[in-house]
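You will see chain A twice below: alongside chain B first, and alongside chain C after that.
== the complex of A and B ==
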């Protein structure tokens, strides 16, 4: 596999044109503090409102390099930075003729071209941006670390178009590695072929199809047998919310209470999406499902979802965390902790998994729906262990109204203004409760 | 010898083609044959080698490690003398022969030599190869006076180097103005004035009638009968593609090798790119132009097509483009500077201080922009021209500040 690179991301809709990024760039890079020397330039849009960006995009196939007659420009194959070497440059400016983005420009004051070098992987501009319009994205590190690891599922799993559960299990098992045994209770994950078709499994590690009701206990038993014969494996459950929150809850709760050494991953698509979109215990208020229909008497689910990950913290787990596939770096950090914890005790990961088929949104929008769940605080990302208590891992500074999330998802299309207001209150209340817990745990840690 | 892909030449077009072939075909053999003895370098760098700004061994475009890594064979000192497309073969000066499945001719151009009486008897200089540059640099070190015949980019660069080395330089140019291929008379005049102020005698509208060797130098007679003595004569009146080795090959040529928009020649399995090729001009016609970005792009296209890469986007046509630095000043020219019928021209500047801008629009779209000491992003202007971006909604802003307006438009385009 090739190499992926970290990159600066610009979100024009968050930019207010304050210019702090340019000031930071000048402080970091200019020879004389002249603001004109910023290598990043924020410009008011040519038409209408908003802001535009002139900045080196560190192109994969840079034409500035192609045009350079002196060998002064080169794409660094490790960092991805298009590097400019002052001593080799002859100032012919042909590089500027290759750039569409004004990413390499002549600075009359200093007498040569300048371009962004990403501050060698720690860009000053992104750190200065208080609106989150500029962000230094480092997810590429995940690809570089795990891209060459074997995918432990075969090709051609028959997940729906746009399914992020498939993405999630492939990512997860790459990290867990081949020394693993997988339990998959009925749900989308076995349904897409993980436990097999026609006598062959879709996983390249031992996998068994537990019942909805006994996944955690059966996995704990299997793990015990591996321990007994002296084989070190990660015992991991890849379950849906039905197999965790509803029929599966008794065995899950028991395993957690005993702190059995397993890693239980709940892939929460808020209902029984594999069998016809019925409601589950974690289906949120207001959701359309086939068992909470929208009609004259009913307007989607009437009760709140139970907060399963929070319930799991009230057991004796060694590690509990929530995660979103839109924030993979966050997930990878938690997965590493969960794998470590599962060697000796129970680890529980609750991963939110919006479902394009069952929730009625376009399959191209899955990542955006995941992102909006977090940006609106509909989903909070946190982790818990008995020593440190509960801590947010991705606190949202300026949350968007929950309506911005709800309107992306078809199962909420019928909601009245009143229902939306109800959901917003519930989001705020749940967040306030989590904040109370984190504060209490912080006090406890200090004490 | 046999190579699946055979690339003739080792400058930008040839190297981009070899690179592009490897994007798509990691297995097929690729061989680069060049008449040069050195690792690849750009003809564009040569004036900087003459000035000492660049060193011959540091301007290598691809080193041996790159050829090894990409498993591309590099064969120097290989001058092709005949190509036989029917047999998919070619013959070298050394009488060795090669066969190929796909051939790219990217052999560039060589200096054109005007028919001047006595020229052949005097050891004049040209500037197209690294050896030429090394010779010229040595000659400048020894000379006190020089004549530069031809006020194109190479000639002007060389004249500047000579003036900076303390030599008395006279530049002769048959056209009424310097750099007339790239700049309008008003811009050329600004540039000529800078040269005059730096001690270079600019004799526009003049050429050489004859050259007489005298001692170590020569006496040159101008077309108006005046005589100038000089130790050094540099001839740079332009370049012409080297086409002789294609005689009898059936490859159609005019001023260069005629190619279609995928850089294919009239013969099967033969492509051409770069200065040797005569390809579509952006505003029609078939043109040869010695412009580096065009050569690189053509090479890329040829390589993709040779490797059957479906990602190929055909050549949209050559747009003239030049960035030119002289005595610490910058001139940029993109597109056509002249005004055809129906064009709208906006000129501004301060000639005395050497600041100038000329924008040519047609049907609300940019067709050319020239600036002196007024930096614009040539790449953005180039793309505004090639995409035929309608500037009508932002016309006032563009004319007032083409640099900022261009950047905004391109950022919008990117998103």
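== the complex of A and C ==
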């Protein structure tokens, strides 16, 4: 696999043209006397509404570098930054002619070209953007760290278009590694062929098509025997919410109470998506499903989802966390802790898996739906261990209204204003409750 | 209950003890040296897993104890341990096996050679915590081997033998060692306990997961969907099912061989499939199963003393059903009365009766038969009940029509 680099991400739909990024850039660069113009420029969009960006893209195959006759421009193979060297530059400006992004321009005040250098990995512009339109994305290091590790699933898993579960389990197992036993209870994960035929299809590690009801305890038994004979094996469940929160709950609860040394990953798509979009115990209020339909007398699910990850913190788990595939770095940090915890105790990861097929949204929108779950606090990202208690890992201080999330997802299309208000209240209440817990745990840590 | 142990003078046994049936089972389990024991209490089985837990707590049994939150998890945890290569044990009964049913039906298909005691108890409802064999009969088509014991000693010996049978390469199926709740579970007698090393030698090393494993050293996908409703899917399924049936049929031979080897090694010969009692010159016979057989044999002796040509057949191995052995036994008599401790609702008769009719087909002649149902919900089956059964059986004549069952305890 090639090397991947951190980069600036621009979301035009969140940009209000305030110019704070440009001010920050000028301040950052003029302070060392190197230029007075911003290297990032926000311009009215050519289409007429909104804004667009003029900025060096740190191209993989940069035209500016190719055009440069003096060797003043070079792509840094470690950082990915296209670097400009003053001493070598002959001011021919051929680089500016090659760039279609207006990413390198001549600055008359200082007499040479300037371009974005990503502030050595801490770009001032992104920090200044209050709307989240500019974000410095560092997930690339994940691919650098794990891209060369063996993918422990064969090609050809048959997940639906846009499903993030396949992404999640491929990432997860690369990190967990081959000394593992996987259990996958009935649901989308075996449904996509994870329990295959001996390394020809599905998982390349030992994999068991467990029962919907028994995954945690079955794995506890596997682990017990390997502990007994002194072999290090990670016992990992890749389960849906039915296999965790509903029929699988007794087994999960028992294993958690015993702090059995297993890693249980619940891939929560808020219902029985594999069997045709039926409601589960973690289906949120108001959701359309095939068993909580919308009609004259019923307007989607009438009751709230149970908060399974929070319930898990009330057991004796060594580690519990929620995660979103839109925040992979957050997930990776949690996965590392979970793997470590699972060597001696129970680790539980609750990962949200918006389902394009069952929730009725375009398959290209999964990442955005994941992101909006977090940005509206519909999903809170936190972690828990008995020593540190509950802590947010990605607090969202100025959340968007939950309606902005709900309108992305077809299963909420029928919601009345009253129902939306109900969901907003519920989101606020649940967040307030989590905040109380984090405060209480913080006090406890200090004491 | 505590074991009263004494040094035995017998060269075949290291010691003897006075104990209840549940403890005898626990002693047998300890001799088999399981890796993982999963426990959950249910009457009348509870003292069995209590004994095992205490043995582990005392360090007398080097096994890992899995304390779980219900029978379902009991078996699931053990399936995991077995798939990782561990020898396992648990015990259950009645509503416990009903709750365990989902993983229970899966165990034979996985060909996991597990051993579990089934301390038979009548099934709900009406609510009942007492003995009866309805639980064993409900699961008779689940694919487990079932061996029903008559005595406390037989429980101990059969529990050890069960591992040898289950783990035999031609069998590879789970075994329920069944003993009657109350009468055997809490019945206290003297038992001979084999020397631990001799028992270990008898069993040999555990042979659990050579064929199916969750082991990173030899990764495999365990139990993928057989795929599609036509062609290779059902064809694969048939291969599995036929394999299970073959394993069951092989078990008939392996059970006989194992019982013979046990007799040679420890001096106690138990009937492996069926036990014929005073049958050779009998004109008619009772068929029994489990602990009732002792009182039934007494009743046969009494009737014999009065000149009656009656014999008895006790079914030890109920699954696989020993069709050939039963046919050979039934060929010796003119009339049979079958006594069940459970009910076949579909046949208005007892399950052992129903199975006996199947074996009778192979004798090639019409044999008058009648179903007696007794001992439900812990009711005692006494010599008087069997005397009545003998008297009724003696008078049977062939009329080709099904008979109403006789409910032996109906008027107790």
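In the analysis below, the second predicted complex is superposed on the first by the 411 of 447 C-alpha atoms of A that agree within 3 Å, B and C clash if a C-alpha of one lies under 4 Å from a C-alpha of the other, contacts with A are read in each partner's own complex, and residues count from 1 in each chain.
Here is the rule we use: a residue touches a chain if its C-beta (ideal position, glycine included) is under 8 Å from a C-beta of that chain, and two chains touch if they have at least 3 such contacts.
Just so you know, these numbers come straight off a predicted model, no measurement behind them.
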So, after the overlay on chain A, do chain B and chain C clash or fit? They fit
When the two structures are overlaid on chain A, which partner does A:228 contact: first (chain B), second (chain C), both, or neither? second
Is A:111 touching the first partner chain B, the second partner chain C, both, or neither of them? first
Could you look at A:446 and tell me whether it touches chain B, chain C, both or neither (first, second, both, neither)? neither
First (chain B), second (chain C), both or neither touched by A:101: first
May I ask for the angle at the C-alpha centre of chain A between those of chain B and chain C, rounded to a multiple of 10 degrees? 140
Just to be sure I read the superposition right, which of the two partners does A:181 touch: chain B = first, chain C = second, or both, or neither? second
Minimal inter-chain CA distance - chain C and chain B, angstrom: 35
Identify the residues of chain A that lie in both the chain B contact region and the chain C contact region. none
Name, in rising order, each residue of chain A that touches chain C in their complex. 178-181, 190, 195-199, 201-211, 213-214, 217-229, 233, 250-251, 253-254, 257-258
The answer for chain C against chain A in the complex is residues 35-36, 38, 64, 66-70, 72-73, 76-86, 102-103, 106, 213-216, 218-225
Residue ranges of chain B in contact with chain A within the complex: 12, 16, 41-45, 48, 53-54, 58-61, 292-293, 296, 300, 321, 323, 325, 328, 330, 332, 334, 373, 375, 377-380, 382-383, 393-394, 397, 403-415
Mind pulling up the chain A residues that touch chain B in the complex? 12, 41, 43-47, 52-54, 57, 63-64, 66-67, 69-71, 88, 90-94, 96-102, 105-106, 108, 111
